[in-house]
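By letter and in written order, the chains are A, B, C, D, E, F, G and H; residue numbering begins at 1 in each of them.
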């Protein structure tokens, strides 16, 4: 509730152009629309200047399409994460320009192609199984106007693979590191660069990996001080955090 | 291992000024000193342009003082976290200019007072019990050359306390949020601002708080996309991450 | 075992109308019927003046229908939760007046439409994925004779969405709050109202949400004092607890 | 932010008695005081019409006394939970009328002795070791204006002890049940009464009790539908929830 | 390795009827057969005088049938637990007298119908969903020569259902109690009887039941001293333990 | 509530010797005394014919002594487990015949020296650190009238130590096995004997032993079918269960 | 980065056969190939003199085949673990000499049949359900040039089965032990032999086995000092570790 | 029970030099002594040719000294781990040649100084706080006749520190790696060497390190195939395993 807006409204009240009762109503009126099953929140998009996002898991194709279509009306970029082909088919009908990025399980509608990020975002993955999560981060960061560099399959058990790309990583302004199993890669990368590292534990692994818990705990305890962590398999979150950092 | 350095060395070899064997030796020589029980790593400090840090827990006063003194020789800022009065007494003898910041449990030696951070870092805490962790973040960020703003005791059960300070939070370039118990504050703050939020779960609480686990899990699952998380009670890590973001 | 009943029985014994042996038998006779695989407990329904409930998960359609039919004989409202279409088909045959409430996964048979609740019950959900659980609470509360108000998709990362409905929430005599992920919404709602808040953690989320554990722990540690918690995804329990509170 | 208040303010603006700028300021002015380390929140007390509470754990005697003294200025009842003798000594100096209830580990200042609760609150405990938690609930409920009945040491392994008091429990309008170990008592009590049961898992037990986790999980899974749960050892929370229910 | 057997063997050696080398061989020869993928252990059956058991989960129908057939050669009772219809079909071909007990998911071959148990074993279940586990216990105990009494659906939230059968339970020499959710029933039953109670946590429940963990922890912490516990859903184990107790 | 008792009472009513009102009172009168902080339950002792037990942890010396003294009035054996020297000193004053068994941390008052157990109870421990728990089982079983045999320090990594005592173990009618760390001993012992094995996980070990959790889980999953389990460090419970089995 | 290699390169530089710039390039050139989605790492194979391995889970048949084919070019043995029939079909097309070992779920291409292991590796399993994991260990060890001996279904509840094979186990130079449920077998085997024991917890079991967690914790706490542990179900890892030990 | 021994015994029986009864006795006689509270197991020492070890935690100084003295009689090396100064004082009295290695918390009595290990054992630690655990491994390996090389404080966040010592690590025949926090070091070291790596998770760290659980899980999931793991803080176990490998 922005003071300038309130001031203008109060000046209208003072000038007799607006009754106190109407003013009370307006003060309560906030910029979101109600679809019944979801409150579409343009407000957030306006505030942070970023695209609106639909988390598609547990939603029906019809629900995803309805939210997507409504969001698409405002001319912004739209992103649906964790999407299935069925959800994409439904979206495609209401928003024909939408694309499905298979490897990232994402539906994207890109209108705004402006470069908002000041530098390069590097997305690093430990193994090939981490790639879907890494690609979700890539899609998110690109849609938010960033130049993105991929560096995949450079896990710590073959440290020379990572070191061989040390120079290219060091060009990044923000680094995203996706790793499952022991989740050690962010610590090593964190020690190699002087910029923020966003760590994404993945559910890759088996047995004592406990669906990403081992990687999550490992990353929380990283001995590199420039590492912070997002949820297991949350490539979107990593791409989002990296993007807002890269705009600073 | 910087290519320019290797090139110069190779040119010396070509010019016959350096034997291949000596060159091999030099290539292996990396900038750290060995105290026996610890490898003092000036390299890292040089690389990221930041002060060196001693984690004091489980170290004897003698060990803390020895590491502190060695680090202090290079004219940089030095920080010892989780320090006790006993450790400070030992440090004081070898580094008389060191100060003890009681509420943050930190020993600091500040020489470099340059402002490195481009904007304001806001440190927010949910309750009064979270303050020691929040203060560790403050000390870290200040020592790394940032302007820091405190906003304490604004937990979500009295949401008006937070909303009353919404404007001041929105001036920050990076926000650190410390909270124990249910760890809900970062989500609410994350929804109010458009900048990166570094969440610090604290071990404040009892029973099902499980020493910060509840807060940690809550923050990992934050529904605000601009939130990333550091370890439980890791005020230092939050201050460090916020500082390197604020330098970008 | 109600003293008045025992007294009457004893007076019959004294008057010689009842032999001591028969009295012993009667004292042991309690009001439930035995279907073999389930003891249908009319007693509980009589005692608390509320409808009987079938938890349908892990039961066959035949079992659900048999229990439902037996309960339906007594003219009370009947509710089958976590029901499938197959179970409903079986119930429909023996109890044609039963209805299936799809979004709540509930089979309901409503005969008693009396208003038992003194005030309004507000059911609040954090996201659209929490709606099935919220609807289970709604169905339960309505069947138990309450007026219910829905407020969905008002999660804490867009706190203005909740605040915009603050007035309507404050009209409630009891509030139910369903939330997954970090489970922060009950704390915020609890701080806004002065009435009991029943928190329902949902299994919505992924990764470190651990099927509702993160939300459960968050709610157990709520910093709002008027919050108590039921099991993960237990919309029925929340509706039930809210209903008996609302009758007081 | 109450609409009537805003309306009056807006009417003053319209009448020219208040400038828009001043109105903006007032709209931001919320009723709490700042002690530096804690925001004393009279607002909450006003809103829910209840005493203010200090959680004393991890606070110094000086901090507890300072907060207590400030809260005591407004003539309301004041409660400090989890208090030590040292904290009480400090409080006693600034608030001589305060009393220390040893068995509940609580400091209380009672001025308002009005009966707010409409009925009786029954506090039941499984064993003698649960009594400190039960007494915290008792103190809280009494300070909030309720008549309280104690029923201790009636754990489920000697079910006749509980059944012998069935009649007295059935007089209560709200029941609080404290139990450690397997936490089974709330289910049994819940089946005996038709009113809300607030379950408090306690950390009583050893081995696989895991500091109250076993009891917490047991209570979350209660097969009695009228049970909701608060945090482990949270006698205060149970007393608070029961009190606001009893005012309805 | 039974001393009498060794003594006889040694006497044969002394008498020159057996060479030392042959004796060494015999001492190593133990009574089991090798099927390649499983060592069929007649030894155990001989030792404890009880039927041999096949745990069918994760085994192919062919493997179950092969083991079953081999065990069946010795004229003892044979039991295959956690069996599927497919496994039964395979067993039926090699052992036509085998029967499939659907509700217990068990294949049984009964030849020995002798009564080994001295008293009655009572099998009690909390809810109807616990019946498959309870029936596994029943089948096991019956096959091991015991008289078994069933008492199902007497969970603690309707304690009168249990109390109404108190007399019949008190006739048992051993009691098995199966319960999911909060797992409270063994404590209550344990308090009602003076004989050993074998508690079986079941995976019945949802949310914080965590697949039987809540019930397991509850039972481990039973405040009734005559309760011991077997694995989650281990009806067979309970039936087995109860049977060997009942033979004493 | 024993039918014979009720019958007699009813006959008195019929005979006019007892008024219905008085009968109601008597039916409610159950055999326990109220010490205020504890309901002393002679009823249980009468029912199962066993001594009464005080769990001393978290109780003050005064409380332990008061309960002990009251229990001691009835001429039965009395046992206080987990007792300290301070608690013993307090007990000694009110019950001079009480003895302190240091290694078992138990206070015992033995009057009834009758042999109730029909056979031998064998108490086996894996290591020397498990002895305090094993001794608690020994004291309990002896006080309950059993002959007990100790076999300590026979852990599975030196299997010959156990096998050397195989014969003596096989004389037992019930076996108690105490083990920490991996908790493997009950499985091996269970395979060697044909009688019930009561397994007691102990909190002995470090690191991934997690205070007995590893041993508990191991014992729950025992591949020997004659094993049932009591709580971590619950030597008393094991001794109690073994004793009631041995009376059968 | 092997010093001899660097020395040769530097000598070429000195001799003017290589320019410093080219030398810099070579120093960065490391021996792996980039397939886009995976960096094929011949380097590791060269270094440890062992076959290259593909972990097939979560990879498409096309991906497995592409990696397999590339690795197969170098004439080494190739192993794909956790493979499906579909993956094998894809591999078969590009590498016709590959074989599918069904019971081990492994695709193998064996060219190098040299015996690298100095002694015998014994692979022991507790039950028949552990065999797939044990066979994965066997396949791995054989492909790495070892003689392997199998000993299956010798779990601790029938200790005589294990002891009967004691002599054959004692011939091994390294022992691998696979066990689920309580995971006790490695401790017993470890006590019988004087060589390294590699323990593999398996996910065999149910209920409190928690998918191998019970076995894992048990093995971590083994009281036999010669036991070390690999991940749950990691037969490959055990075979690999055993093989490199056996080469020493 | 070694066949040759049995054969000789049987030949004595045949020759009439030994009665069958005496032979039975001898077959049962195994080489350990009974101290009452501990079975001193010379057998194990004889079998594996290694020193005997006392785990001192939870043992009294008197117990440690008694066991130590008994073990010392046989002229072997003796090691007491996790020892305190008080325990050492007691040992010193009965075994004056014993030494206390403070940093390893170990009491050692070294008589046998023979070199049993064929190569070098390298002990690597991530941080200075891991040194006590690492030193326990060093003491163990040295006492078992190995040459040991220390490499401390080379954690992965400063990967150049490790790489600088790559050559010296590669000289080792077995490598022990101790690390707390994220436990990533064994994976990196495992990738650098071709020999067995024994990983020791340490309880170093705080918050989500959960007393070594994070490191343990990380190491169990190591992406380097030559890594196996021992218990948290089990430096002794690592030294022991490494030693028996190094003897091969």
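Note that in this section a residue touches a chain if its C-beta (ideal position, glycine included) is under 8 Å from a C-beta of that chain, and two chains touch if they have at least 3 such contacts.
Everything numeric in this text was worked out from a predicted model, so none of it was measured.
Taken together, chain D and chain G share the touching chains A, B, E, F.
Which listed pair repeats A-C comes down to matching contact pairs by residue number; over half match for C-E among C-E, F-G or A-H. Chain centre most remote from that of chain B: E (centre = mean of CA atoms). In this assembly, G is the chain whose CA centroid lies farthest from the centroid of chain D.
Fitting chain A to chain F on CA positions gives a rotation angle of 180°, reported to the nearest 5. Averaged C-alpha coordinates give centres for chain C and chain F that are 40 Å from one another. Chain A and chain G have CA centres that are 38 Å apart.
Of all residues in chain C, those that touch two or more other chains are 1, 3, 44, 157-158, 163, 167, 191, 207-209, 213, 216, 220-222, 225, 231-232. Screening every pair of chains for touch gives A-B, A-C, A-D, A-G, A-H, B-C, B-D, B-G, B-H, C-D, C-E, C-F, D-E, D-F, E-F, E-G, E-H, F-G, F-H, G-H. Listing the residues of chain D that touch chain E in their complex gives 126-127, 155-159, 163, 180-184, 187-188, 190-192, 205, 207-210, 213-215, 217-225. If you check the complex, the residues on chain G that touch chain E are 128-129, 131, 152-154, 157-158, 160-161, 164, 204, 206-209. Put simply, chain E touches chain F in their complex at residues 1, 3, 44, 47-50, 53, 118-119, 166-167, 173-174, 191, 194-196, 198, 216, 220-222, 225-232, 236-238, 240-241, 244-246, 248. Chain A makes touch with chain C in their complex at residues 1, 28-30, 32, 37-39, 41, 43-44, 57-59, 63, 201, 203, 211-213, 216, 231-234. By the touch criterion given at the top, residues 3, 6-7, 10-11, 13-14, 16, 20-21, 23-24, 27 of chain A touch chain D in their complex.
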